[in-house]
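Here is the structure we will look at, set down as structure tokens.
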Amino acid sequence: MLRYALKRLLSLTLSLAVASVVIFAVIEVAPGDPASFMLGVNAQADTLAALRAELGLDVSKVERYFNWVGGMLVGDFGTSYTYRTPVSQMIADRLWVSLPLALYALTLSTLIAFPAGIYAAARRGKPGDVAVMGATQLGIAVPNFWFAMMLVLVFAINLRWFNAGGFAGWEDGVWTGLHSLTLPAIALALPQAAILARVMRSALLDILAEDFMRTARAKGLSRRQALWRHGVRNALIPVLTIIGLQFSFLLAGSIIIEQVFYLPGLGRLVFQAISARDLIVVESVVMLLVFAVIMVNFLVDLAYAAVDPRLRSRT
Amino acid sequence: KSDIIIAMQLEPPHLDPTSAAAQAIDSVVYTNIFEGLTRFMGDGSVVPGLAESWEISEDGTVYTFKLRDGVIFHDGTTMDAEDVKFSLDRATAEDSTNAQKALFAGIESVEVVDPLTVQVTLKDPNGNFLFNLAWGDAVIVAPESIENIKTNPVGTGAFTFADWVQGDSITLNRNPDYWGDQPALETATFKFISDPTAAFAAMMAEDVDVFDNFPAPENLPQFEADPRFQVLVGSTEGETILSTNNKQKPFDDILVRQALAHAIDRQAIIDGAMFGYGTPIGTHFAPHNPAYIDLTGNSAYDPEKAKALLAEAGYPDGFATTLHLPPPSYARRGGEIIAAQLAEVGIKAEIINVEWAQWLESVFKGKEFGLTIVSHTEPMDIGIYARPDYYFQYESTDFQALMDTLNSTTDPDERTRLLGEAQRLIATDYVNGYLFQLAKLGVAKAGVQGLWENAPTAAIDLTAISWDE
Amino acid sequence: MNLLQIKNLSLAIHDTPILKRINLSVAAGQIVAVTGESGSGKSMIALAVMQLLPNGAEVDGELRLDGQNLLNRPEAEMCALRGAAIGMVFQEPMTALNPVKTIGDQVMETILIHKAMPPAKARVRAEEVLARVGLPTDRYPMTRYPHELSGGQRQRVVIAMAIALRPRLLIADEPTTALDVTTQAQILDLLKGLVSEYGMGLLMITHDLAVVADMADEIVVMRHGEVVETGVTDHLLRHMQHAYTRMLFEASGHQVNLPVPPEPRPLLEVDNVVRDYRLPRKRLFDAPGHHRAVNQVSFTLNRGERLGLVGESGCGKSTLTRAILGLEEVQNGRISLDGQPVFTGHKPNLAVRRKMQVVFQDPYGSFNPRHRVARLITEPFHLLDTSPTGSERQDRVAEMLTAVGLSPDDASRFIHEFSGGQRQRIAIARALIIRPELILFDEAVSALDVSVRAQILDLLAELCSIYDLTYLFISHDLSVVRTITDRVLVMQDGQIVEQGETEQVFSRPQHPYTRTLIDAAPSLPEIGQGAA
Amino acid sequence: MNRNLILGAALSSLVLLAALVSFVWTPFNHAALDIPAKLQPPNAQHWFGTDHFGRDMFSMIMVGARTSIAVALVAVGIGMVLGIPMGLTAAARKGSWLDEFIMRGNDVVFAFPSLVIAILITAVFGAGAINAIIAIGIFNIPVFARITRGAALSLWEREFILAARVSGKGIARISAEHILPNVANLLIVQGTIQFSLGILAEAGLSYVGLGAQPPTPSWGRMLADAQTMVSFAPHLALIPGVAIIVTVLGLNLLGDGLRDWLDPRIRVARA
């Protein structure tokens, strides 16, 4: 187990190293100069040069890469070109929105998907199954930004149950914060829930066809007992993979939703930073996201072991 | 009610108006946190700011400013002549990062006469100097606070910086020690909503009280019809033009540029892209300026004439070019319409949507473009036509001479005449396609008073705002 | 009164008749064996008793346990009976257990689900049963997971689960098919012991006639969903009424006559061959471990000779095959065919490989389901420098198909259109088409029905006389090896422990392991005399 | 045939038909502006109404289908053309450094936040259909590589592969002749799913202004253009939204139906 974890850790580090080179390379070829973006159309050449020097943009690319990576290793992500604040500080601030939002959406989607998937699997082929599966097909097909637009129209503008967007902050209590994240979380959770419910259902159906389910029934377990005691836990393995993928998607992929609800999250930070050519912010956030995905996958792998003893003893 | 939430589209990158071009900085801090020696009023006039009064020498090169007494910075230090000298020297210094360094290019020296008197010597007389000092880039800063000015601005204005939730909002509080009249508002929050849909939703859901420059003109009729809101339509300093690369073939031919001008239906663009908001212009000058002359007839919509001109220039079948469009909707939507109109006369304009950073790099700096649509929002910026290296690359010795004369002229009537001549010159040279003056579209709750209707500069002057009880 | 009484049981799935008017009974303390060809409906009887039939099944007739009808019982009552009154052991020990639960939990679940006793007592009982099936908890703690046990041990856990509440009736569906001979013998002993000890009724389903003859008190022979014959074991063995029963038993003990091998001239020489598999490191900085699957094996196979290789599952037979074929490199030793090594450097020697062909165990899995027969059997042409084309190619295909008893028209069919026996014939045709000097049969008949197996063995004997075949025949089925080979090698843990003339080795085994193997293999009594 | 397959095929071919017909006929010129006639609700002349420039929505939806299909199709093509050989190679050389290299490389790509990278790509190389295709295509590569490798690995264990090796066939030949045809079903099913995801991705990119550029109509950009006008011209948002939903739904149903239909296990059970 430990060896397994260590081996994974090693390949993980390697992946991160490769990712950092790729990120740096891609971002550095982006046309656009942060200095001239900041100083606008009337800037003079000497002013631009002065600003570039101030931003540390006048050294070679290789040197910049190592400064960047070296800094990250000790937790220093550098200083934003445009905001002039430490990037780590900015990321930390944004994480207070993005992380709860991702978790909220994930919780919602799991809460919807599990019962729906189990219900459909238990009623395979019956009208209940067909209805749930039809609904999930629709859920997958709806673009989430469109859904978000509709949510705002109905619940914020017409019914005025929720704010149309923005983030109330956590200072006024957890509820205020969660309340302002509810619509975005729903918009994000819907397609995810649809996917998860489908995975849950098909994983369960696979398990239901396994011999040990028949064994369980032969012991005298009813259909439902067998499903809950022997089915659900085995079905968790593929479901966990998807949950892991979804979490990383939610952390990074909510750019558009953050845009629709003008939430000060990570996604919008990158978006703004890309248009402002605040390269260091883009690089660091992308790196962080890649790191998060890789870590989440690592954790999911470890979680497998908790679910599946066969993996635990794999030396 | 003494607090207000004001929404704006863009978030300032930082809060130092003297080292960035971003208008969002000025919107938040101009006259609220920072003040200059002179300042703009809502109607565009320049009035005394931190300078109570001034004297100009006979030859127009020495300005002696008398500063207000008892002005203190938010950190408690007094504002005196040393601070003025520091601020101006900082803007003109070798390593200055001032985005409008050209404004100060004429300054020869700044001297402290006594704590409340400063003498500025210019190299040449400059009729615009007081106007230039009113810009946000010329505000007076405190040397003690310069280190952290970007995140913790310390000025002399009626409001102090309180809090910044990055990506979301900035909060300002009333400055009890302000030298002038106390404003009605106690706190003001600036919220950043870039997405036009979100802007509409936020306004409709009454999440915000004011939207400074509402990005979606199509929604204004709804606000007007709704008694909860008021709509303020004013004008800005933004001349929206179809910039043309004057050095690039075939635009180096005046016939082609003239054809271009006649191929464009301004009213259709204003209706289609701006839903009717905006004033047609025929030259690079703001219609609300007294010196403006209406030259729209010079480039009236006439596709047949355009075709004829093209044929005369040797392009009977038209030609292909590029149309670079930056993000604002006036450009993106306007561009779609212009491309369709140009297609009518045979010009195939390939639309290339770019972000600002890219626009600055490839269009503005690299000059790799055929056509582009931009709103030039700097006030009184006809002078850019005297710069042959400016991105549209207009080179006319006549015009340059005209500007030189203008700069050394202080007589208002003569200036008006010269400005008129300049307007006419660029219009008849068809340097660019002149479209419309960008409207300022403000939306506010019905009870809000004292908002600027026009935007002589990017500013949201909080001092005049109050709630109608 | 019989414990289980089945009367006129008919079963249809989606209107396809599966079982037709079945009658059988099991008394307490009695072992009843159901046998018959694959697909005859044996498992369906078991599932009908458990009332765990697949969707769409319609049942008719009587199914009584202790006189009470089981058919159309409410599901809740059936749940109460399953596991408590009727226990069932399924065929596949590898998949019959939930991989994510400990064996203790799974055994205890049977007890707890029926609320037969409080958890503490249930645990004690579970320990008892596990000990009874030969898994004492001091050596095999209840916290083990199924994957930590061998196949035979897993099958015992399944049995423990089934007998935890001492059901009156135990149904075992092919309980040993997946196990090797030695393990099989242990499991069968265990089942016999349980019957005599607890007085259970045992309904055992198997197609292995030797097992049937060895264990059962009564035999039920099935074919096409019908019972063709039933009777007390001894009697039935001696007085078979039905032709099908006779055919079945004869095919099981089928003998063939091989032509006499020619003068010994070495063809394949295997010299001191070692094949190691790398195991993952135990700890991070340890050297990787090794598993020696083939250990210093040496033997010679002469031209025209038929050599057998026996040994229990996992002893390295297939590994050796792959090494001979040059599919995997060996760590030590030399393999050469006709004096030429199969491996030169690190590359297989194609010149040598074209002299060898192989026939695998799985007659379906060894064909690409998307190709037609003609393309399938001509695949080895790839080894030839100039492969025949056009009509010559067609002729070769037709010739080969005829040789293995199929029709040349079959060339354009797909593999799924053939029966198991026909598929194996096609595999042999593929092996023969380039006239190889040597053919390797790796468990080539293990998956086949007894009657089909007999046909294939006949075909082999026939081909031997026509083509002078030389082959290596690998199997764990001793009776088959005994009849189809001249000489035999016995393999244990990667080593050859004994070799010699086939008859010699089988009648006078020298090595103790050989003796264990032969003893463990159930054998058919001499049958057929005195048919009525 | 099953219900999913029929419904899915019907919806997908409807969209495909609209795209094909648009090459020869649309009710109006999709690019012709008619600003006085803007924002008309659906009526007898303009079946789906007109947009904010007075263009005919029905024609735009038809031509937009072309864009969506083209972008998604090419993106899936890129994923397949690069991903499948990678997966086949990795499976054939299981455990080798090449396998490790390919799969870790794919993991890294997979770990990137796709939308962020798509935005970056378009920021670097400019917005446009081609770059949208590349951005979406790149993230299809690991999907196909993984699926192919997974399925191929279990095939390599099969005896007919061993038989082919005994016949002296090399890795490349076996991969092409035996492995690929046997994973084709799986890849087709995955292909339809990636195709529908591609359409969603294109819509998302166009929505943030990074997809196909005007005057080429694109459903995502139509939605983006419409979003500020939902409150007074809801048809502008509803119609492209429904078009996307119908297409994606159709493709997903088709994929599901194909899987059921092509899966031999299920087909045998049904026979």
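Some observations on this one:
Which chain is which? They are A, B, C and D, in the order written, and residues in each are numbered from 1.
As a convention for this text, a contact is a pair of C-beta atoms (placed from the backbone, for glycine too) under 8 Å apart; a residue touches a chain by one contact, two chains touch by 3 or more.
Worth saying up front: this structure is predicted, and the values here are computed from it rather than measured.
Take away chain C in thought and the touching chains that remain still make one piece. Taking the mean of C-alpha positions as each chain's centre, the chain lying farthest from the centre of chain C is B.
Of the two chain pairs examined here, C-D and A-B, the one linked by more C-beta pairs in contact is A-B. With centres taken as mean Cα positions, chain D sits 47 Å from chain C. With centres defined as mean CA coordinates, chain B is found 40 Å away from chain A. Each chain gets a centre from the mean of its Cα atoms; for chain B and chain D, those two points are 44 Å apart. As a whole-number value, the distance joining the C-alpha centres of chain A and chain D reads 22 Å. Multi-chain contact residues of chain B (touching two or more other chains): 197, 204, 327, 355, 358.
Shared interface positions of chain C, defined as residues touching 2 or more other chains, are absent.
Those residues of chain A in touch with two or more other chains are numbered 31-32, 149, 153, 157, 259, 274-275. Chains touching one another form the pairs A-B, A-C, A-D, B-D, C-D.
Partner chain A is touched in their complex by these residues of chain D: 104-105, 107-108, 110-117, 119-121, 123-124, 196, 200, 203-204, 207-208, 220, 223, 227, 230-231, 237, 241, 244-249, 252-253, 256.
Taken together, the chain D residues at the contact with chain B in this complex read 31-33, 35, 38, 52-53, 123, 126-128, 209, 213-215, 227-232. On the chain B side of its complex with chain A, the touching residues are 11, 13-14, 19-22, 94-102, 150-151, 165-168, 191-195, 197-198, 201-202, 204-205, 207, 327, 355-358, 360-362, 364-365, 378, 391. Those residues of chain C whose C-beta lies close enough to touch chain D in the complex are 322, 325, 327, 350, 353-354, 356-358, 360-362, 365-370, 379-383, 430. For chain D in complex with chain C, the residues that touch the partner chain are 158-160, 162-169, 177-178, 181-182, 264.
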